[in-house]
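Each structure below appears as structure tokens.
What follows is chain A paired twice: with chain B in the first complex and chain C in the second.
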Partner chain A sequence: MKILGLSAHYHDSAAALVIDGVPVAVVQEERLSRKKNDAAFPLKAIEWCLEQAKLEPEELDAVVFYEKPMLKFERILTSALRAFPKSWSSFPKAMKNSLGEKLWVKGIISSHLGIPGSKIFFTEHHQAHAAAAFLTQPAKRAAILTADGVGEWATLSVGVGEKMDDGRVAIKLLRELHFPHSLGMLYSTFTAFLGFEVNEGEYKVMGLASYGKPEYVDQVRQVISPEKNGAFSLHLDFFDFHTTAKRSYSEKFVQLFGKPRAPHEPLDPTTPEGARYANVAASVQRVLEDTLVEITKSLHEETGESVLCFGGGVALNGVANGRILRESGFSEMYVPCSPGDAGCALGAALYADRIFFKNPHVDFPDHPYWGPSVDPEELAAVASEDGLPIETVASDDALLDRTVDLLASDKIVGWMDGPCELGPRALGNRSILAAPHTVAMKDRLNKEIKYREEFRPFAPAVPIEVAGEYFELPPGGARLGAFMSGVFPVKPEWRDKLAAITHVDGTARVQTVERDKAPKFYALLEKYGKKTGIPILLNTSFNLAGEPIVTRAVEGYSTLRRCGIDVVIAGRYIVSKKPSHAVMPTDGGTS
Partner chain B sequence: MTLKKRGRIHRGLIVIGSAIPSIGGFARGLWASEGGKKWLAPLVVFLCVTGLVLVLAATVEALAPFIYTIF
Partner chain C sequence: MSVSASVLELLACPTCRGDLRGSASLRCEACGVDYEIKNDIPDLRVPSEARTETVREFYMESPFPGYPPNDTLSGLRGRAARSEFARLLERAVPGDAKVVELGCGTGQTSLFLATADRVVIGADLTRASLELGAGAAKRYGLDSVQFIETDLRTPALKRGAFDVVYSSGVLHHTPNPRASFKSMAELAKPGAIIVLGLYNTYARFPHRLRRGIYKMTGHKFIPFDPILRARDAEPERRRAWLRDQYEHPEEHRHTLAEVQRWFRENDIAYLRTYPNALIGAEPLEGGELFVPAEDDWGFENVLSQVAWATSLGKEGGLWITIGQKNADKIAKKNA
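For the complex of A and B:
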């Protein structure tokens, strides 16, 4: 069967093509449209996916959307009515927003693809999350947890999945928690309070938390209360997200936590005000972790499973994932490469294939490289037009040797290889790579390339077999690190030598690299290890602040021209800046 | 490969055509629900039809002035 999965209209729209049970192509719209977090109906992504399989839309057996728009509309309407009269002013906007394209998804799909309504299906949002988490990993049985801001009504669900010997698949939902009681919304509320953009700045809260002390835990516990089975409820007096789109938190919330930070206000954790914000971040992070640990402990006891699959945007919290793995009782934990809404396109397609159409499960490699491939000739062409120095090497081996020489001499390398990654993390195919040894390198990356806050850490990539030598990985930690999904302590004896990737609290968001999934990147790490004694590289996404990760070689080239990267590599081409090439001022790339 | 481009009116009419059964199905579901949501059905139908009229206004520009006058 040829099934197209789609996610769209809220954030990170994407398309995924599954043929005979195996993903063929998956890409986020933002990677093609070049608009970060593009939520538009993913026409470019659909076109690209169909092109990979040389399919016409009419040849598709089914198109599956990742949520039920009518159910979502019911939630929005019911919430607005419940909050009346407080919601009075925001009601027209909420309705206008919902009654546009978002509600008529079946017709929109039909009108763009020219397929009949009978071929269009819908999964529930958390079913798509659950499928993306369970069906893309190798375990036969697992407990499943999904948690995000909100889908239709569900904000969190727990269940179990089983791939049976005869190929049948079962994903059984045990319980779900409904809006407005949401861990994702709780964290997003604090994200807004701390002056960061909701749905984008949650990473910053997690990074900032390491600079603070959880001194506000008691206050955070006043806004969220534990319930049976590890569940929880939010005290809605402290929140406004359920009544208006204008503000996430109420005046009572401000009375409890103090003045919120304005987005433009400088944030320095060494000042008293900055320390307060860091302490608030540390406190909500602690409570989030405690809550997730309680939920997963309870789920482990209830299901008796040894593997946990965790999906939804909350699963991007690597610090919490590390604690879940250590404390929940599960011996293995799997977070997909794209646990957020983009991954739901793949989840929806797989769910429809295995559950709606009852096709037998087919194993496929659990790597993240499902997107468009890089064309090195494009890089060579554009660089030669501009007269930049291009070095061509004779073999892959020579390329790796040359790259290692550059990295070992503290050059910053834009690295493009093969298909681009699905999800928010660059995992070695669209990465900026650098030596991980000094604080100076971290500062240079922050100031000249990423143009971002100094408190945000950089991640290391390490061959999976030796990860335990440098990082304190619990059992299952190496597996969790495959998609940079866990944060673990750097061993104290290595912290000085890995200063660029060691966060202020001594941890790092480790990527464990497997030879069979990323052979070239793995070989690069090995060669770097032979040269320097430490087979670890700093790996950060190949993009500038406010832009999506690069997809094509020309985008990598454009990034080279606009920031302090020293070289860009694709295929066997190494393009360097002219020695006199000016770097933009450090405020030039912020947005 | 590029998806076949259809005119705005053509696409709008497809959307409207597929919306009507969707609204009917949704309203029937609410009416039959046991969670006390029966009272929501008329409101949902009213809002959805309003939404459809707005889709029509965006689709057939000649109708837009008349439709926006209603609001």
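For the complex of A and C:
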């Protein structure tokens, strides 16, 4: 069966093509449209996916959308009515926003692709999350947890998944929590309060949390209180997200936590004001972790499963994931490479394949590399047009040696190899790589390329077999690190030598690299280890602030030209900048 | 810190245009005049005419905008990037361009543009402003920006040396904007981009009405100034806006047709304006800023400018025109 999964209209839109139970192509629209977090109907992504399999739209057996628009509209309408009269001012906007193309998804798919409505299906949002988490990993049985802001009604769901011996698949929902009681919304509200962009700045809250002490835990507990089985409820008088789109926290919230931070104002945790923000971040992070640990503990007791699959945007919180793995009782934990809405395109397609159409489960490798491949010739062409030095090496082995030399001499390398990753993280195919050893390197990356806040750490990549030598990994930690889904302590004796990737609290968001999933990247780490003694590289996404991760070689090239990266490598080409205009002192008669 | 070699080759003696050499101070190789470097900022200003001097004193009194305490480079970049124009500009300026900002004030734009392998010179008349910029550059560890104190009419900058010549909100405060533009245009290399921001005659009309009332009521009453109102809670920033917009000693306003005439006089091809002078044009977000607009029709341009009175008019009526030096010769060479 040829099934196309789609996610669109909210945050990251994406398309996924699944043929005979196996993903063939998955890509986020932003990677092709070059608009960060593009939420438009993913026409470019669909076109690219179909091209990969040389399919015409009419040859598709089904197109599956990742949520039920009518159910979602019902939630928006009901919430607006419940919040009346507070919601009256934002009501027209909310309706205008939902009544347009977002509601008539079936018609849009049908008219864009020219396929009959009978071939168009819908999964529920959290079913798509659950499928993206459970069906893309190898375990036969697992408990499933999904948590995000909100889909239709559900904000959090727990269930179990089973791949039976005869190939049938069951995903059973045990319970779900409904809007407005949402962990994602709670975290996003604090994200907005702390002056970061919602849906984008959550990881900044996580990074900032390490600088603070959880002194506001009691206050956070006033806005969210626990219920049985680890569930919780939000106290709505502290929030405004359910009544208006303008502000997510209420006046009462401000009374509790103090003045909100204005976006882009300096944030220095060493000042009293900055420390307050860091403490608030630490407190909400702590409460999020505690809540998730409670939920997963009771889920573990209830299901008796040993594996946990965790999907939804909240699963991007690596610090919380680390604690779940250590404290919940699950011995293994899996977070997909794209737990957020983009991954739902794949989740929806797989869910339809296994559950709607009852096709037998087929295993496929759980790597993230499902996107467009890089064309090295394109890089060589644009670089030679501009007259930039291009070095061509004779073999892959020579390329790796040369790259290791560059990295070991503190060069910053833009690395493009094979198909691009699905999800928010560069995992070695579209990465900026650098030596992980010094604070100076971290500062240089911040200053010349990423322009990030000081409190955001960079991540390390390490071969999975030796990860435990450098990082304190609980059982199952190495597995969780495959897609940088867990934050773990760097072993104290290595912190000085891994200063660029060690966060202020001594932790790192480790990527564990497996040879069979990323052979070239693995070999690069190995060779770097041979040369320097430490097989670890700093791996950050290949993009500039505010731009999507690069996809094609020209985008990598343009990034090289616009920031302080030293070289870009694709295929067997190494493109460097012109010998830089000499910035040297002019005294003493130097010319 | 001395002036780097890459910067030195972009500077010239303000009196005779000769090459400058030196480190602790700069000396003109041609006429032998010495120029001091104080607090990392070369003093390359020669005495200017009285009206320019008045403007300089006006800015010496209160340099603006300042930098918030504990600011970081990412904070500065974050604030700058809130403006769509700033994002487009950052994308469009080549990574290895030599850039000069004329009238850089406290240097925020210069610092924002100082990425990749660019060399950025921030030039201004007012030392007090430049020192804030140079201080920030030092704190952020940016070594590819050099601030210099110089007058636009006798700039201590090499002619034909820059890939991007940027000046926004400055020429309309000089005694003779047309002559200032000539001197600005001379700095551009063949093929270089000129980015010029000026008060628009039409778009600033609402503001002039407000200012008229302000003056008639004996500096007591200003109706409908949204920026002033937004700054009610911040007296310092409110005062700065009031001074800059209502009490400036020298101000001119210009039309697009006038700027296009200046462009022609200086062999500069007109590319486009920001905001777009084409009616109903697609937003430029993610597009290219330095490519010619699809059309340039005088009548439409006038209509757009009139319409800017309601949009840009709220914020003082500044608009940007972009041109390219010797574009026709470049095109011939490439063909």
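Everything below uses one rule, namely that the second predicted complex is superposed on the first by the 580 of 591 C-alpha atoms of A that agree within 3 Å, B and C clash if a C-alpha of one lies under 4 Å from a C-alpha of the other, contacts with A are read in each partner's own complex, and residues count from 1 in each chain.
Everything below uses one rule, namely that a contact is a pair of C-beta atoms (placed from the backbone, for glycine too) under 8 Å apart; a residue touches a chain by one contact, two chains touch by 3 or more.
On a predicted model such as this, the values are computed, not experimentally measured, just so you know.
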item: Touching partner for A:Arg561 - first (chain B), second (chain C), both, neither; value: second
item: Superposition-derived comparison: chain B or chain C, residues of chain A touched; value: C
item: Touching partner for A:Ile46 - first (chain B), second (chain C), both, neither; value: first
item: Partner chain(s) touched by A:Gly117 [first = chain B, second = chain C, both, neither]; value: first
item: Which of chain B and chain C A:Arg247 touches, first, second, both or neither; value: neither
item: Which superposed partner A:Lys497 touches (first chain B, second chain C, both, neither); value: neither
item: Touched partner set for A:Leu77, first chain B, second chain C, both or neither; value: first
item: Shared contact residues on chain A - chain B and chain C; value: none
item: Chain C residues touching chain A - in the complex, by the definition given at the top; value: 2-6, 8, 21-24, 68-75, 77-79, 81-82, 87, 91, 94-96, 115-117, 119, 140-144, 286
item: In the complex with chain C, residue positions of chain A that touch it; value: 34-35, 263-268, 271, 274, 443, 446-448, 451-454, 545-546, 560-564, 577-578, 580-587, 590
item: List of chain B residues in touch with chain A within their complex; value: 1-4, 6, 10-12, 14-19, 21-22, 25-26, 30, 37, 40, 43-44, 47-48, 50-51, 54-55
item: Interfacial residue positions of chain A with respect to chain B in the complex; value: 43, 46-47, 50-51, 54, 56-57, 70, 73-74, 77-78, 95, 98-100, 103-104, 106-108, 110-114, 117
